[in-house]
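Note that chain A is present in both complexes that follow, paired respectively with chain B and with chain C.
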Partner chain A sequence: MGTAQEAVARRTIRLLIVDDSNIVRRRIERSQQFDELEVVGTAANGLEALELARRTDPDLVTMDLTMPQMDGIECITQLVRFKPAIRILVISALADKATAVEAMERGANGFLNKPFTDRQLNDAIAELMY
Partner chain B sequence: MLREEELKTFVDGTTRYFEVAAQQPATIGSPYLLEGEPAMHDYTGMINISGKREGVVYFTAPRAMLTVLLMKMQESDFSHESMRDLVGEVANTISGNARRDFGHDFVISVPSVFAGEKPQLAQPSGARAFVIPIHWRSHSAKLVVSLT
Partner chain C sequence: MRLSGTDRSRRLLTAGAGIVFAAVMSLVLIIGFRLATEIRASVGALQRASELETYPSVVSEQLTALRERLDTLEYTGHVHAELAGSIRGFNRDLAALERQPGLDPAAMHAAAALWRSYAGVLTPVLAYDGEPYSDTATTSSLSRSGRVFYAHVRRAELFAQTHAAALHRQLATVSASLQAGTAAAAARLRLLLSGGVLAVLLLGLAAAYLQLARSRGERAAREAQEQTRDILATVREGFFLLDADYRIGAVWSQALTHMFARQDFAGLSFEELLRDKVPPETLATATKFIKLLWGERAHENLMKSINPLGQLEVSMDNGRGGKETRYLQFDFHRVMGPKGIKHVLCAVGDITSSVLLSRELHEAQENAHSQLDMMVGMLHSDPLQIGAFLDSASAGLKHINAILKEPARNHAEFSKKLAGLARELHSLKGEASALNLMSIAQRVHHLEDMVAELKGRSELTGNDFLPLVLKLDELLAHLRGVREMTLRLSSLKGGTPAPEGTLSTPILRLGANGPEELASTLHSLARKLAQDHGKDFMLTLNGLADCPRAYLPTVKDCLIQMLRNAAVHGIEPDAVRRAGAKSGTGQVRVDFRRVESGYEMLFEDDGAGLLPEALKEAAVRRNILTPQQAAQLDNRATLALIFKPGFSTRTEVSMDAGRGAGMDVVAKAVYGLGGKIGVSTNPGRYTRFKIALPAASETAVA
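And now, the complex of A and B:
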């Protein structure tokens, strides 16, 4: 029998990637290095993300903020309302402190600024997974 | 009106973008005042700025440069759509990073993207537009910033 950490590590963590840039969505999918992460969907705006989240039941979401139709702040608010245990990593170019604070107050659990390196992405995901 | 010392925010943002996203720093030329019609490359990503400042920030680059940039980002899709996506993302990232200095009231739009057409620039009247020349590998691009 393994340790509790090993049990957590073996569990599949369902990831939803939300960003209006196809390039960024693919980059996150390609760069994450966790065997236990399963990408269950990608969305280009907050509305798509909410619909996908209801269908795919993600454990973890990477969330852009500046998006058409529904922005990331509104999407975080609604996601947390219907799934309070969800973990949300904001990945945004918006680099002011007030935005990070607002995202966290709405329910985000981490904040990573664009542009980011693979290592920064994986460190930020790891912080939310374990 | 945009002050020359505020340009440093955009110069630093541009430098950071290439250093991190392409793992290869760009050389930034001396910014200059734009006079007349702006010269556009093949693809242009434009961000409208509102809030306590008004204006536009746009990144314009040739297809050849964007292709190499995508390759450096491990991308394998070099389609027209990827080029459009990339110029929009570069403009968005540099503009969004500027909030570190300009603050929360520096409101940025989602990107508008132009390819092979002349963009409709929502440049505020009386605002000066500065051109920041970007040299990366053998390619040249521009970031243009025009703010009240």
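And now, the complex of A and C:
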């Protein structure tokens, strides 16, 4: 909780977007409606995401599951290990509930199914951060 | 909780009342005891006082008797002694009475003073100790001391006669005051005892009230319990609470016994509840999910959205020795206590009938849809082509049957069987989708699913193939239906229906009808693939007219397969192409030409090309290679991986690709004709297949 509250206190939430599709990344970037949300980076796979997370110190990560090189589940596992207070919103097209449960078990905090509406995305972020 | 609260206050009340009652009663007893002692003492005093009252007259009478004896010269000794005793007694009793509290002091004082004034006249009488008579032989007379004594007695008698009444009065007053004090003490004691009786009565009332309240509370609790029991016995959902050890609590609803065919739920762990009823992976997921529920981290809504037990397929004993599949819906609600999550309430519903109903509806819809699809597909195809396909399909199915009948004893033989089945089914599907016969293609796709599932098993027996045989029968029936419909359609179109008997014999091999039909088949497949996968590409065919008839079926099979691969793997989506500075429309070219050694066919798409690293990764994932082996492969060997059976880079399976039977079918077909196949690629630019076929005599492949 520490980081999330701190983030709210300093009125800015640093967001890292992880998805292998450029279109989805753009979509998430554009649809967020919180003034205090600042996109600090976008990554196309788990390895990039870890690299960026180390450099940009995000509070919130939107995480795809199926990605080349390093998938979302592995990325979540490692992210949580080196930054336990980070909040992770899984955004995935996988309808498979077992994978969702697995992601939550590894340390994700929220789950959003693709396709999603702007409203659903904002609600999911709000639920995670406030 | 409310119950135990009133229970506790009632207990406190009972204890308080008991203490107050004990205090009151001990006070009553102590005061009562003191009063009783006091009364006893004053009763003694009263007795003494009333005795004292008699003394003045007694003393007076004794003095008179003494004087009369002296008059008649009788013996006076014993009367004198009695008088002395009376006076001693009076002195003693008076002294005792003087010490007694609570009597009228004035009267007492007056009595004592009066008595002391007696002493003056009585002392000479008492002090006399001589012989009062002087006797001669004939007469007796008072002696000299006797005359003095007589005078003293006479004086005392007169004094006593004068004062006895007054002394008596004073003593009576003392006695009356004593009596009044005793009566007051007795009244106080009565009052006290009445108070005690009242207290006892009050206590009795309080006890009765408390008992009533308790029995009312107990009745309410009993009724509440009964109602809970009734609810749990009647409700159709299974309800139970899970504790922090994921174990079921002592209270659960009766519906569970029907759902799980057991009675011993209390203390049962959630895992034990589902074990042997669901596959191990599902059980593992369910267990993980339950653990997550106990974490404060996840919101209830989120947990609801990822609940993997929303529609759980469980396999239950049906009580007749068999198994039956039921669908259960699990809902979870966290029960919060002051210290976080206290329990998880689990509600289970049996949704088997609704699941089956919706499935039936879906199937009916699918059926109607597929029939319509088939009709449309047939209307757009040449009936002759369809006839040819049907023949080729029944030949294929015969082959599949033959493969199924082959004996197999070990895993390797079973695997070989499955590989054969996969190849046959894949090419059947390719042909069906080329002709837009989607209902058939889907059925074959389903069969492929089953084969793929069998491939994944580590152990196989002949019985595992039974469901496959059933599905094949269904497909066969469906093919018969299609044939019938073709006949009706062709008569509708005014064509000559082919006679029933001839249908089993090939009219024409598909595509063998001539290069023109092959071209139109490929173009229509290309259009369909472009549409299905949202890709934009153009198919250019060159020189197919040169293809000898004997090669046409194989060439057709290969081209269908490669076209599908190009559409799915090769040609990139529009956006990607634009980003790579390519023209929006992809190009797929087929060049067939005669060469010295026979024929050569080039198949080229200007798509993404093949990435050696991705191919290696896929091969490792499919267990075709170990990571070490993969690392040692050079580019050429890596590219050759695509001809391996069971290889595919797609992770999901779709109708057109991802099966892992594809290029291996092509390669096998080419080798079958004595040909060769090679591939070259430039990542991001193109993929090119080169197939060399030997010169063929027309009769060789008839």
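One rule holds for everything that comes next: the second predicted complex is superposed on the first by the 121 of 130 C-alpha atoms of A that agree within 3 Å, B and C clash if a C-alpha of one lies under 4 Å from a C-alpha of the other, contacts with A are read in each partner's own complex, and residues count from 1 in each chain.
Please note the rule applied: contacts are C-beta pairs under 8 Å (C-beta built on N, C-alpha and C of every residue); 3 or more make two chains touch, one makes a residue touch a chain.
Note that this is a predicted model, so its numbers are computed, not measured.
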Partner chain in contact with A:A93 - chain B first, chain C second, else both or neither: first
Touched partner set for A:Q33, first chain B, second chain C, both or neither: neither
Chain B versus chain C as contact partner of A:G110, first or second or both or neither: second
Touching partner for A:M67 - first (chain B), second (chain C), both, neither: first
Which of chain B and chain C A:E127 touches, first, second, both or neither: second
Chain B versus chain C as contact partner of A:V24, first or second or both or neither: first
When both partners are placed on the shared chain, which of chain B and chain C touches more of chain A: B
Contacts of A:T12 with chain B and chain C, given as first, second, both or neither: neither
On chain A, the residue positions that both chain B and chain C contact, one per complex: 23, 66, 98, 113
Sites on chain C touched by chain A in the complex: 281-282, 285, 288-289, 291-292, 297-299, 301-302, 305-308, 310, 575, 651
Interface residues, chain B side, partner chain A - complex: 16-17, 20-21, 70, 73-75, 77, 81-82, 85-86, 88-89, 92-100, 102-104, 106, 108-110
Residues on chain A engaged by chain B in the complex (per definition of touch): 20-24, 26-27, 30, 66-68, 92-96, 98-99, 113-117
Chain C-facing residues of chain A, complex: 23, 66, 97-98, 100-102, 104-105, 109-111, 113, 127
